Structures are given as C-alpha cells and as structure tokens.
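Same chain, two partners: chain A is paired with chain B first, then with chain C.
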Partner chain A sequence: MRKNGSNTKTILFLAALAVVLLFLPSVLTRFYTYILSLIFVTALLAMSLNMVVGHGGLFQFHHCVFYGVGAYAFALMITKAGLPMWISFIVAPFVSALTGLIIGWLCVRLTKLYFGMLQISLGSLIWAIIFRWYSLTHGDDGIHGIPMPDLIASTTSAYYFIFLFFVLCLVVMYLIFKSPFGMTLQAMRDNPDRCAAVGINVRRHQLTAIVLATFFAGIAGVLFAVLERTVFPDLLFWVLSLEVFIMCLLGGWFTFAGPAVGAAITVALRTFVGIYTEYWTLVLGVLLILLIFFLPEGVMGFIYSKMESSGQRDAAGPRGV
Partner chain B sequence: MLSIDMAALGSQLFVGLSRSMILFIVCSGLSYVLGVLRVPNVAHGSLYMIGAFSAFSITKLVAGPAGFWLALILAPLIVAAVSFVAERALFCHLYEREHLMLLLFTFALSLILGDLVKIIWGAEYKSIMSPAAFDGSITVLGASIPKYNFFLLIVGPFVALALWLFANKTKIGKIARAAAVDREMVGAVGINVSWVFAFAFVLGCFLAGLGGALVAPTVSITLGMDHNLIIEAFLIVIIGGLGNLWGAMVGSLIFGLTQAFGVLFWPQFAIVFPYMAVVIVLLWRPKGLLKSVW
Partner chain C sequence: MLRVENLYKSFDGFIAVNGAELVVEKGQRVAVIGPNGAGKTTLFNLITGQLKPDRGKVTFNGENIGTLPPHEVCRRGIARSFQIANIFHRLSVFKNVQVSVLSRQKKSNTFFHPAHRMAVQETDRILESVGLLDKVDDIAGSLSHGDQRILEIAIALGTEPQLLILDEPTAGMSPDETAATMGLIRRLSETQGLTILFCEHDMDVVFNTAQSIMVMHYGKTIIQATPEEVRANRTVQEAYLGGEEDA
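Let's turn to the complex of A and B:
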C-alpha cells in the first residue's frame, strides 16, 4: 500500500487527466478524436484481459473472442433482430459473459499452458463459425453501417459516450481489484496450492474472474462497434488476442493501470507506423522481442520500481506468472 | 445426406488419412519441442509456411521432377537454418526465464517471419506440381485416390518411426529426454544443455519445414496458411498428450478424419467437427489421450 500523501497525488493527477481528456476533442481534429476513442476501447479491452492474466495468473490466450462476440452480438441485434440500440447495448456484454462462462467452464479444469491452448482452440472455433456463417454474419465482409441514434452519431459525441463508459468500467474494475474477491484472486495467482489448502474454491474464483473479464471485454466490443459502426471477423482472430496480451506486457502485468498505458502506446504506434509501412506485424514482433529482453516488467512496472523502494509497490511486486 | 455412397466415403477416408499424415509430420516437430523445451512454439506454423514457400522457389529454380525431390530435402534444411539462427541469436538467452516469456518470444518470431515471407515472396497465391511419377490415381473401394496421397501415407509413418528411434535409441535423443526432465543434473555431468536444446528446437522446426514442403503440391501456398495450421497443431498435441509422439499421431488421425468425413455431412461447417471431437476428448480426458511427458 502506498502512503496517503501519494494517494492524494494520484487522485489529483487522475482528476487533471480527466479534465484534459474532457476538453481535448474541442481542440483536436476529428482524426485524433477518433484515435483517442480507439485508445479508450483498446485500453478497456487490455484491462479486462489483465483482470485474469495479471491479477488472476490465468493464461487467457484468446481474450478477443469475447470482445468480438460482444461487438457481433450488438451489431446483429440491431441489424438482424431490429432491437433498439440501447437494449442491444445492455444485452451484448451479457452475451460475451455467457460465452466466457461456457469457455471458462471448459478451461478452468486445466492449468497453465493446457488452459491457454484449449482456450485458443475453442476461441478459434467461434471465429470459424462467424467466418463461415455467411448468411448471418456476412463472413469475411463483416457488417457495415450499423445505425446509431443521433445522440452518439458524431465522432465527438461518440468520444464522450465511450469516455463515460470507459471511466465507469475503470471504477468498477478498480473496486473489484481492491475487493476481497480481487485480493483472493491475486493470492491464488501467487500460491494456488496454499489458497486451496485454506479452503478457497480456486476453480470457482477463476471462473468468476473469467466471466467478469469477458463481460468487460464485451463492453469494449460494443464500444468498438459504436465507434466504428462496423464489425468484422478479425476482431476475434487470435493474433489480435496476442496483441492485447502484448499490451498488458508492455504496460506491466502487475499494475492496475499498466495495460491502459500499453494499449495507448500500441494504438498510437500502429497509427504512426501505418503511415509509413504496411509491415505493422514486423514492427510489433521486434517491439515484443525488445520488451522481453529489456523491459519484462513493462513500462508502469519500470516506473513504479524506479519511484518506490522495493516491497512498497501498490499493486503487488514482481513475480513469475 | 442419405445418398452418401461407398466411393465418397472411401475417397474421404484417403483424403483424411493423407491430411492426417501432413498434420502428423508438422505436429511431431511441435510435440518434440514441447517435450524437450516445454515451450509451445507459436512460430511453428510460420516455419511450415516458409517450408512451403521455399519448396515453391526451389521448384521454380530447378525444373522437372528433380526440383521436387530437391525441394523436399532443401526446404526443411532452409527452415532448420532459419530456426537455428533465431535460436542461437536470441532464443537461447531466455532459457532461464519464465515459460511465458519463451512463449511470447516464439509469438514475436511468428509475427516477424510472417511479414518476412510477405516481403520475400509477395502476397499472391502460389502452387507447385508434384512430379510426373505421382500423376494419376489408383482406384480403391470404387474411389480414385491420387498417387501423391499414397506417398504421404508412406512418409508419415516413416517419420514417426525415425523420430521414435532417434528419441529412444540414440545417445543424443536420450540426452535430450533427460534434459527435459532434469536440466541441472544433465548439465552437472558435463553436457552443454543449451546446445541440446538448440538441437531439439532445430529438429522440431526441420519437421515443420518438411511438412510445409510435403503439403505444397496439394494446396495453394498462401500467407494465411501458418495461422490455420498452428491452431490445428496446438489442438492435436493437446488431445494427444503434450510431448507424446504417438499422441501426436492419434491426434492427427482424429483431426484429419473427422474433418474429411465432416465435409460429407455439412460442407460449410466441416471445420466444426474436429473441434467438437477435441472438446469431447478433453471433457473425457483433460490431459489428452496418451500420457503427457510433462
């Protein structure tokens, strides 16, 4: 735990950041407002993944499935079922969470690599179904031009909408992170055997964490659809999942805000690199190798360890996953 | 659906079996690396793709049947060379780190190799011909089976046998198995464990290249082929039991055959059948059908 003094500083910093972010769209061009919205969406996705990977110690290798399922559920409910946008908005994350419950239930029976590889397989199955089911999902083409209410139709209003939900989700996730449940989860990551020995139902906690994380991933997916008004099968592709995994690594596994930082860096870099070259994955691969060799604790982990002496870290110290 | 005849069944049986053999050759390499280094090599699919593209280039350079046989030998060696460089330059420095870092490294490698293939060979579809000796087909059970499929049915078990003999009967194969179980002890008796791992890694990647070269005449060679394959390969080694050679064989057969027969029942979603088989197997035996070496 950090001292109260630095806690106040953190709150002040966050408040200042929020104010800046609120006023940014009035000075930025539409393109940068859009990029900033995309960063929020991606950051939410990365943080939801970190709930299970960083805090839970689970090898959630195919998280984007739930992101894509949320986005597709949202898009299909509007375009195919003709449901109002707001109802779809509320229901879609629950569809993600349900998918998370089913896949999670199958996966928590296994541990570590078996868990991760089974999840990649099951997630790829969902990807294959969406990719092939042309009559429902338009396959490779995706679904375009999802109608949005006038209230959030413009880039700027979509920005505020996304920002609002990003902050809301962040607060809820932080409360979960600090709750007894969150603490138990982190304890299980550090020593699952001892937790089981003191009577904690490890699998049930892990499954709960997966369902929560997939719910937030679903919200991120819906927000993506709100921003882009388009969904396509690449949202569920496993390469994207590993890319989000890299964001968590880049920002720092064991911190709360790290993945958001990682997401911001990655999205900004992809936008920037995309101007000059089509070989983004090459750049990403090189970046990942540099990270593995030189910054395995991530940007935020590095900053924290510089800021504070060892053993005083806010979001728990470093350890093997 | 009711009009499925024996010829269609027989034909799909051989399609499934020959597909299984390709899958087995690739998965045996993946499984071997898993067994010794305990790392699921995500770049395995990319190396398989490089094998196929190299085979294409070699058959372009050397015309005629000689080109094909040369490709079958050289393409896996090219892949082995690529993996050797990656292993010695970067990968070997990570052996003391957590397994997740090793896994992420292989992912980075697959990203880089994927784009390098795009830079070297371009994004167009490519295809190569099998040699004239394999033209035509043989009629079995009323179905005509391409001769090349029979060739694959011979190569698959041959690779299995060779790899089994290597791992169990040769000295270096035994050392590699020992290093997988107790790295420090093997090091303590004066063996350079890092080079043992390098050898195992390169051997596994060689098999990925061999699989790529063998599959080249039967499919169109494209950029996405690595992604499709690596997921299937992961599934196969899981249901077979991680690191178990015969498990990889059983898994490949399950995967190849369910997909081939699935095509008869529901062509659009044939890919669903092997995945269903995987889920059923894992619900029944969460750690795979045969004993995992872990």
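Let's turn to the complex of A and C:
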C-alpha cells in the first residue's frame, strides 16, 4: 500500500528473528548450525529465482546452473588458479551473472514455455560441459577440500559469514523489489504487452532482471562452496532446479519472503524425513498436492491474506505488491 | 499528425488490411468504423507497432513509425488501449498508472529508490481526471469491467501521449458507463487538447463524438469524411449502415 510506508510490527519481528539467529549457534550442535546455514544458502537461491519467476513471470526452469557456475567458478579460481579466496569470492558471482547474460540474451527472444524450454536446454549444456570436462572440473567426482581462510573455517564462523551475506543480499533484493525497476518487473509479469505499449523495453528489462537474479544465484553458489568446501555437478542438475522452483511455489511466489520459507521447509524435510526414508520427496509431493488445493498462493501468500482479512495490512504483502 | 498511406497486412493468405488510408489532424477526434473483421484492430496494431505492415506507410509527425517496436512508438507520443481490458491485474490501481508514469519519466530502471514515493502527484492527478481516485488501493483485477476499461485509459494517459488510440473503449459497458466514458473522452479532447483515434460499434456514440469518420470494409478504406458526409455516402450505406438497418 502506498500510504503506509513501513510496518513497525514486521520490523520488530525481523529484528527479533535476527537476534535469535545470531545466538542460535551457541546453543545448537554443529549439525544444526550446518543445517541452518544450508537453509540460508538455499533460501538465497530460491529468492534469486523468484526475482525472475514470481516477480518477473519468466519461466526460468533451470536456475541452478547459475548457482553451480558460481560455486564452480569460486572453487576453480581457488584450486586451479590459486587466487586468494576473497578475490574469488567477489569475482565468482560476476561469472554467474555473465553466464546469465549470455543465456538470458538468447532466451528473452522467446516467451512463456518456449523461453523455459530454451533456458533448460542451454542450462543442461553448461551442466554437460562441467560434467564432461574432467581435466578441469574432475567431472562426477567434483572438487573437494577447497581451502578456506581460518576466519571462516569452522562451521560456526561459516554460519555467521553466510548469515551476514544472506541478510545483505536480502536487503538489496528487497530494495530492488520495491524500486521502480521491481514494480515495472511485476507489471511485466501481469502483462508484458501492456508494458511495451507504455514505452517499456520489455526484453531489456527482463534481461536485466535475469542478470541480477543470476548474480544472486552466484552468491548463493559461492556461499554453498564456503559451507561445504566441495562442489559437484549435481549443483547444476535440472533436478535441483525443479526443487528450487517448488520452493518458490511452496512459499508463495508472489510474495517477497515466500521462497525463503519454502526453502526452509524443503531443506528441513530433506534432512529430517530423509533420516527415516530416502523417499522424502514423496512427502514433498503430498505436501505440494495439499498446497495446490488449500494454499494456492503458497504459505506466505496465505499468511498475508489472513493478516489482511484481520485488518492488518502489510507493506510487503501480496496486496501491497 | 498521423498519416496512414496504402497500408497492407495479411495473415497466412488472409488479407486483414488491404489498402487502408487514414489522416488524423492534431486535436481531432477521429473514429474508425466498419463491420466485424473489417480490420480496425489490425490497423491499430499496425500503427502502434504490435504488428509490422507488409506494405504501406505510417507516419507520425513526419517520421515513419511503421517498423518501430511498440515501446518506441509509445515514446514518440502514441498511447493506446486494447479491445480486451489490458491492465496489470495483480497490482493496485495506483501502481497500474504509476508504472506508466515512471516509464515516461524514464525511471523504470531506477533500482534503489522506493517506488511508492515516486510520481505520486502525477499519478493521483491522472486518476482524479478519470474518476478512479477513490479506488487507488484496490487491486486492479478486482475492479468492475467498466472501471477496468477506464483504468486502461488512465494507464495510457500516464505516458502523456499526443495521440490516444482507443480500441472499442465502451465494449461491454452498460449505457451509463458508456455515457460516462464518452464524456471522459470528450473532456480529454476538449480540455487537454488530446488527439483521439478510436473505433467503436455503437453508431450513436460514433456520430455524436467523432469529428471525422473513416469507414473500413474488408480491410479497405471506403471513405474518410465528416459524420454528415459519411451518413450521406451511398457506398457506406450499402456496405455498412444500410446493412445494419436491415438486420
């Protein structure tokens, strides 16, 4: 809504959440700290995808490619080129964004499902290159034991490092979401033809969004490598892309924070149901069916509409979009 | 201001526009009429760049715009509404118009400035002029059909056009809504000096509003003249007006 700027309740809630998250590692075991870090990484990936899918209306079916490219670029710069970790950390997301620019430049010529089909083909091509180029990437074996500076070597310090960048990225993404660029992007999702008819260069706008989203996916990939010190071709496999797409649906893809919720649910399911059965995706599938029937706007979409009907309007809600 | 000369467009062998001629002078209200399938919408799509003509010329203020993409045509000063309400369904009424205003101000690519504080006055002014100010916070998709059509005109106005093209602005409206919409169009033309090109099925609306009428039949321009001359024209009577009376 344009009349209420920021919602104090939301800010208080987020501040409390941040404080809790800052203190959690001191009470949690290493395993749970690791899982939380993984949730942040995955949430960032899902939110970067949602920039183009939920807000931009583009069928970016194979988004993980840019996650994987970021992770691999980071790993290769450290292990093969011997570059310092910090330089690799800065450069790797740009490698992702460049890949996004090239693939996106080709894809924005098409629309809807055709966009998605071309995107998935070009993405699979990159996967195939990384999978096959054994001398560079060690193919299916992946790259292990990427050395990290002492500062972020432990799980707890990696947690804080990841959390810091997660929050930073979120702030930047939120500013973009609320900016004229973000608003125009959402208008384009609803009606690209109308956008063109009010003088907006639709393709260029979409391409900019793709480059931004792939940049953030690259950061997520780098953070993954920081956490795991390992990269492997599955990071770019289409199955993971599908999973991230589901996270956006699950959390609510017309909201800003929804994909993060979806990521948390998915990672938690994979971890805790995965202990009992390797068919944890079965649970995810059932959950998805229930979602489609009962919460078609996703978890966050549902919460926002509840908040709205109880008279509380939120600036970040789907109706405020 | 706008001149269409000898325009042709065919789709898979079907000739939709077959030698259309049109002249729109600055400040005029011009209507295009013709039976269903006469090529009116195709003609508008050719003018505003949604379609590329096979042959012929479209000039606007002396510049050939026939080959420009829609966003470039809009930047030259032509805005339009579509036959089917073409709005941003999930955005609020305010944002629907704001997107358009920001586009004209060349601020669509601004990243780190909150959009909700930008172009507020200008957007409010447009919404006020079309009478939607009390619905600014409503989600556009929840508006009535009539209001959605009005909102579409407001979106078009956001680009501050010199020429406004309206494709059947009152289609599907109640008689009251039709009267209100035509009142709005007349007001825009008279108080703001906006040049308006529209097509319409309701002949009362056309003959009451337009200062110049172009009649299309099978993609061809039969005549463009004043309402009186068009009414008196024998070919038009046979091809169109007469046919309607028989029906």
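The rule we apply is simple: the second predicted complex is superposed on the first by the 303 of 321 C-alpha atoms of A that agree within 3 Å, B and C clash if a C-alpha of one lies under 4 Å from a C-alpha of the other, contacts with A are read in each partner's own complex, and residues count from 1 in each chain.
One rule holds for everything that comes next: a contact is a pair of C-beta atoms (placed from the backbone, for glycine too) under 8 Å apart; a residue touches a chain by one contact, two chains touch by 3 or more.
What you see is a predicted model; the values in this text were computed from it and never measured.
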Which superposed partner A:286 touches (first chain B, second chain C, both, neither): first
Which superposed partner A:245 touches (first chain B, second chain C, both, neither): first
Chain B versus chain C as contact partner of A:109, first or second or both or neither: first
Which superposed partner A:208 touches (first chain B, second chain C, both, neither): second
Touched partner set for A:179, first chain B, second chain C, both or neither: second
Partner chain(s) touched by A:193 [first = chain B, second = chain C, both, neither]: second
Which of chain B and chain C A:128 touches, first, second, both or neither: first
Chain A positions touched by chain B in one structure and by chain C in the second: 321
Footprint of chain B on chain A - complex, ascending: 59, 106, 109-110, 113-114, 117-118, 120-122, 124-125, 128-129, 132-133, 237-239, 242, 245-246, 249, 279, 281-282, 284-286, 288-289, 292-293, 296, 320-321
List of chain A residues in touch with chain C within their complex: 1-3, 5, 175-176, 178-184, 186-187, 189-191, 193-202, 205, 208, 254, 318-319, 321
Touching residues (chain side chain B, partner chain A) in the complex: 40, 42, 90, 93-94, 97-101, 103-105, 107-112, 114-116, 118-119, 227, 231, 234-235, 238, 242, 268-269, 271-272, 275, 278-279, 282-283, 286-287
Residues of chain C touching chain A in the complex: 48, 50, 69-71, 74-75, 79-80, 82, 86-92, 94-96, 98-100, 102-104, 107-116, 118, 120, 136-137, 139, 155-156, 158-159
